[in-house]
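Both complexes shown next keep subunit A, but they swap its partner, so subunit B is in the first and subunit C is in the second.
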Partner chain A sequence: MTIKSENIYIVEIGLKKGLFDAFGNEVKHSIEELGINGIDSVDVYDVYMVYGDVNFSLVRRIAKELLLDPVAQTMKVYRADKNQKSSNISVEVWYKKGVTDPVAMTAIKGIRDLGIKNDIKINCGKKYEFHTSMIDRTLIELICTKVLANTLIQDYIIKGI
Partner chain B sequence: MVKVIILRTGGTNCDLETEWACQVAGASTSRIHISQITTGRVKILDFDILIIPGGFSYGDDLGAGKVLANEIMLKCWEQIEKFREKQRPIIGICNGFQVLVKAKMLPFWGKHTASLVWNESGRFEDRWVNLRVEKSTSPFFNNMPEIIRFPVAHAEGKFVLKSHSLLKKIEKNQQVILRYVNPSGETQGYPYNPNGSIAGIAGVCDEKGLVIGMMPHPERALLRIHLPDWTRLKGQEEFSYGYRFFKNVIEYCS
Partner chain C sequence: MAKANIIEILNATDAELIEISKKGLLSLTLDEMKRIQKYFLSAGRNPTDLELEMIAQTWSEHCFHKTFKSRIQFTEIIDSNSPVMEEIPSLFSLIKQATEKVRKNWCISVFKDNAGIIQFDEDYCICFKVETHNHPSALEPYGGAGTGIGGVIRDVLGAGLGAKPILNTDVFCFAPLDTRHEELQEGIFHPRRLFKAVVSGVRDYGNRMGIPTANGAILFDPGYLYNILVYCGTVGIMPRWAVNKKVKPGDLVVVIGGRTGRDGIHGATFSSASLEKDIPTSVVQIGNPIVEKKVLDALMTARDEKLYSAITDCGAGGLSSAVGELAQHCGAVVHLDKVPLKYQDLKPWEIWVSESQERMVLSVPPEKFNRLKEILESENVEYACIGKFNSTGKIKIFHEKDIVGELDLKWLFQKSELPVLKALYEKRETVNIIPENINLEETLLQLLSDSNIASKEIVVRQYDHEVQGHTIIKPFGGIDGCSASDAVVLAPIYGNDRGIVVSCGINPWYGMLDPYLMAGNCIDEALRNIVACGGNPDRTAILDNFCWGKIDDPFELGKLTRCVKGCHDYAIQYKVPFISGKDSLNNYFTKVDGSVVSIPGTLLISAISVIDDVRKSITSDFKEASNLIYILGETSNELGGSRFFNVFNLEGGRCPAPHPEISLMIMRKLYRAIKNNLVMACHDCSEGGVAIAIAEMIIGSGYGAEIYLEQMPATTAEPVSLLFSESQGRFIVEVDESCVEKFEKLFKGLPCKQIGRVIPDFRLKVNDRDKTLLDVNGELLKQKWCGAISW
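Up next, the complex of A and B:
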């Protein structure tokens, strides 16, 4: 079955402004340990690709009631075919097709708990947004393969270069 | 005999230790899977104390404790509310604390006012910490010295509040039960505060003091020989402060 691109939604969950991003800080340190300097900071987001028998309002409900911590996090929901404007370089890391996605399985369980019986599929990933003036695709590729992704089981997508 | 229900699910891993701690302190215990509650086979109201123990419920996949918190809110909230109305203690330890906070039970019932987020160190912190027992509305830390030691073992233990005014409110209401401190009893930064919690908060209770949550593990500090320096300690007491905590909870219900 082919899923129409307008029926694929992305949910991005990130930390609220003002809260220290410990995970992003660790990623920055790991990059520096590679000998790459010039990254000011890294924002890390949990990203969920939601598709199947869904629409925007249902995905928004799932995001709000299941995926979001309303005290500490913010969320963004958009259609996958709508490009998001950003001046920063970002990297998305997703499991390769066929690799078990345990977080997605938990998310489906959580969706069932909400009483939603629709045939919904979820892929879970991470998005890393770099605050940097360094625009060198080779270095970003190096960061992807050495720090952000396990290329045996994960794919990465570089955006903004 | 006081009956304790220890609620578990996939990923819970401190249920056996918690059960043993309750038994040593004189209670009868049942380790019950959440599905037995949601299907009606077991009723929470048949027990005197509800404990949600530590672990990684559902792998903490969508945030620590989040999925179990949702399951409780959506499938057994009525029982939980009645349990609280009957003034029976609800205790969350580590992952259980994360569940109580995310299920809107702490620090204020029915409201999302706090959360537990990633440790500022960016790492899992697993070690003993000094804790200052605060003057609080909770009766469960009575007869304890000012400074005690329990171990922590968590990655998402940084206590944050929705607004700064809430800190003043929970302090004024005496809802802070434990704070991370240095050996002299002063709140300080890392490593004494293992996660960067606001005001060094390690545990809180609701306004009545009967719903409590804490990141440290009292069930891992039950006996004197659990303490890392027990061979150098003076005195021959068999039990440590974790035992006193469980004893206080059980005596409250006796």
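Up next, the complex of A and C:
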């Protein structure tokens, strides 16, 4: 990517605390089916990498007006080069370059509909945050390839280990 | 921008030709490469990469169905008899012959368009198409299954001048969900992951398109560990005038819908090859149902305003295949630089053969283009006029000012000299052993929770089966909505009681014993399901979908040939026409040690029937205590391939054989009985036999049943056979006492016997003479059947 890293922003959208996370539960269930126990719970976030002709306040506006459901979700916007402090292990899953990303295409269309003319690019992904005391990179790798990502079309990044 | 490359073939040796085909992933044989060489020798030039790609794609197994069109030398050895040799003009001709012999005047368009079309009423026609998307779903199950359903929806949109999709069907085959992770080869997904992702893919695409998914089946067998099967079907409705299409020279070539990217490049040639470990990312397709939904809405308006003269979908082979087919009998000029792209660095040949989803190609008279544009823009559908049809008999492809391809269409689509294929079939003699000292209750409960029999409600409830508001008999019914229906009944036109019934028949286990009988049994099952809900067997059409293993193995081809022969013979005997079909061959996997694993040859028969009055259709749950329970059809000791044998790990045995003559008579009478309100509930006996059929009727009803086995019309007195044999052509029917006389009169001379009564207690009680063999609580039955498959 030729874009300067300070011009890449990450929008993270997750469920509000206390709401039932069906997807997170399903992921946990699938991990247990692998024979891996010890994950207390999994939080799932939709993550959007927004880059191109953007700045922080514009990304915030896009996130708030387009990507967020304010009733059930909360959001976080940050610059990609700023490390996020987290005590948990997390995994991000992104499409490989060249793989069609319908959600991103729709999001870009949505940005146009907001009246924003800037040349903005978006990649969509998922972030899985594990609440666990188990810190074993090989097991997390296994979870990534067996449950979270299809390495034919997706890449995964493990953070927090 | 990269131009087309010239590929040097004029002076290439045989070995070099093979190398060119292999290197370019063209899947072309040496004979085909030589034919190409000859063509370009007479043209006095070398081909471009785009031309080679277009030829490869047009001649691929996926698009040209070489195996089904080849002559076959078939040798059959049954038991220890001497071999019988036969030459078959082609498998496809066998299927077609059957339809011609059955000759139904309500068949409007068979085997020529994107989908089979039958008459619905004076104003409307119904079309039905079932496709497979096995290879893509094995690699990327969510995207593969989603684009599978997306593709078959477009087939229906591209049938005639376009039909409105009103129903999706799906049938999946996986390895057992409890397969141990250690058994998996590298690169193979666990069946449970495939199961979840495939279901999610179909769910998300179908639901977002606003089309009900309301019929199907899910099968589990270790034979599908390396290659899963994903069948997707769509039924559509169209006005009668929209059945025919014809491209007019002078029309514009208009592509609408999704943009073109590198997605699914080589899908057509790839699907003709087996699964290997190293797969390029580009073969994967990702679906975007919202785009297709907009295309659908715009098309329906444009069709009704008669704004285009022909249409087809971009499926395997992309624009190359779609434009090529439309231009086949006239000619066209295409400008690839006009095609809307996802990104700019695509080479001309990539644009031409890309299998990006959600695209349709229209042939539009120039004077109608402006109005079409208005409609497309109002629905937010992207479009581009990329060329013009003409009457040159050639397709000429430009990229900006350069000619990147020019081919003679007659030569391209000409029936090539196909090699004669050798097929061999040998049937083994097997013994029918019935295990002794069986605990019947345990066996029944075990069968109920067998994943092939157990309720698939957890899957079905994820699909929207109500959207559009036409669904009359839903996938699940009964008092608490947990009783499975044999078929789905739709009333597709508001305010009109005329309807359609859709069902399927599939059973690979019979095929392992005898593919010929499997064909007959699948037809019988699909018809039974239709009739059990009130469908008319004489107004039913069927579709065939063959999924087979390594087809250059004469034994695999032999099994396929025998199966196709079965389809031919039984379709004629049941008097049902095939209206459409598809084959997916080479579903095999080469292990690291070089050994080849083929899937069990699997035939799916999908059936569709038109009925006069959907209000007469019925469900399978028992309706009232003290009603009488009848069985129609005779039971024999036919446990081969049964779920019962599977539970006891028994192989071989006698495979059920259909009795078309009697079956058809029973079905015709049953259709009349249901139409005349003589039947309260009806269920077909299939996997698991009579015991499972009655248990299922109990589970959704809250009532129970008391059954006397000695009453059953049968050639055996063995309780195990009576309960679990899977003899064909049988129904369990609930009849109100006041209708008994009329009912019995109707079935006079046919195997029809009262075998028990509906009882107020929620339990299944089975007696044989004075002995009670089974007495099981309904709650237990329900718990086993409903709780076996978890998400």
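Definition applied: the second predicted complex is superposed on the first by the 160 of 161 C-alpha atoms of A that agree within 3 Å, B and C clash if a C-alpha of one lies under 4 Å from a C-alpha of the other, contacts with A are read in each partner's own complex, and residues count from 1 in each chain.
Rule of thumb we're sticking to: a residue touches a chain if its C-beta (ideal position, glycine included) is under 8 Å from a C-beta of that chain, and two chains touch if they have at least 3 such contacts.
Because the structure is predicted, anything quoted here is derived from the model rather than measured.
Participant: Identify the partner contact of A:K146: answer first if only subunit B is touched, second if only subunit C is, both if each is, neither if none is.
Facilitator: Second partner only, subunit C.
Participant: Have a look at where A:A107 lands relative to subunit B and subunit C in the superposition and call it first, second, both or neither.
Facilitator: A:A107 contacts subunit B only, not subunit C.
Participant: Now for A:D81: first (subunit B), second (subunit C), both, or neither, which partner does it touch?
Facilitator: Neither partner.
Participant: Applying the document's definition of touch, where does A:D53 land relative to subunit B and subunit C: first, second, both, or neither?
Facilitator: neither
Participant: Taking the superposition on A as described, I'd like to know which of subunit B and subunit C A:E33 touches: first, second, both or neither.
Facilitator: second
Participant: If we overlay the two complexes on their shared chain A, which of subunit B and subunit C does A:V99 touch? Say first, second, both or neither.
Facilitator: second
Participant: Who does A:L19 touch here: subunit B (first), subunit C (second), both, or neither?
Facilitator: first
Participant: Give one of first, second, both or neither to describe whether A:V71 is in contact with subunit B, with subunit C, with both, or with none.
Facilitator: first
Participant: For subunit A, which side has the bigger count of touched residues, subunit B or subunit C?
Facilitator: Subunit A has more residues touched by B than by the other partner.
Participant: Just which bits of subunit A does subunit B share with subunit C as contact spots?
Facilitator: 26, 102, 106
Participant: Any idea which subunit B residues touch subunit A in the complex?
Facilitator: Residue positions touching the partner: 58-59, 61-63, 66-67, 70-71, 74-75, 102, 112-115, 117-123, 158, 160-162, 196.
Participant: Inside the complex, what are the residues of subunit A that reach subunit B?
Facilitator: Residue positions touching the partner: 15, 19-20, 22-23, 25-26, 65-67, 69-72, 102-103, 106-107, 109-110, 113-115.
Participant: So in the complex, which bits of subunit A are touching subunit C?
Facilitator: Touch residues, subunit A against subunit C: 26, 30, 33-35, 96, 98-102, 105-106, 146-147, 150, 152-153.
Participant: With touch defined as at the start, can you tell me which subunit C residues reach subunit A in the complex?
Facilitator: Touching subunit A from subunit C are residues 139-140, 143, 181, 190, 192-193, 196, 261-263, 279, 281-282, 284-288, 290-291, 342-343, 356-357, 791.
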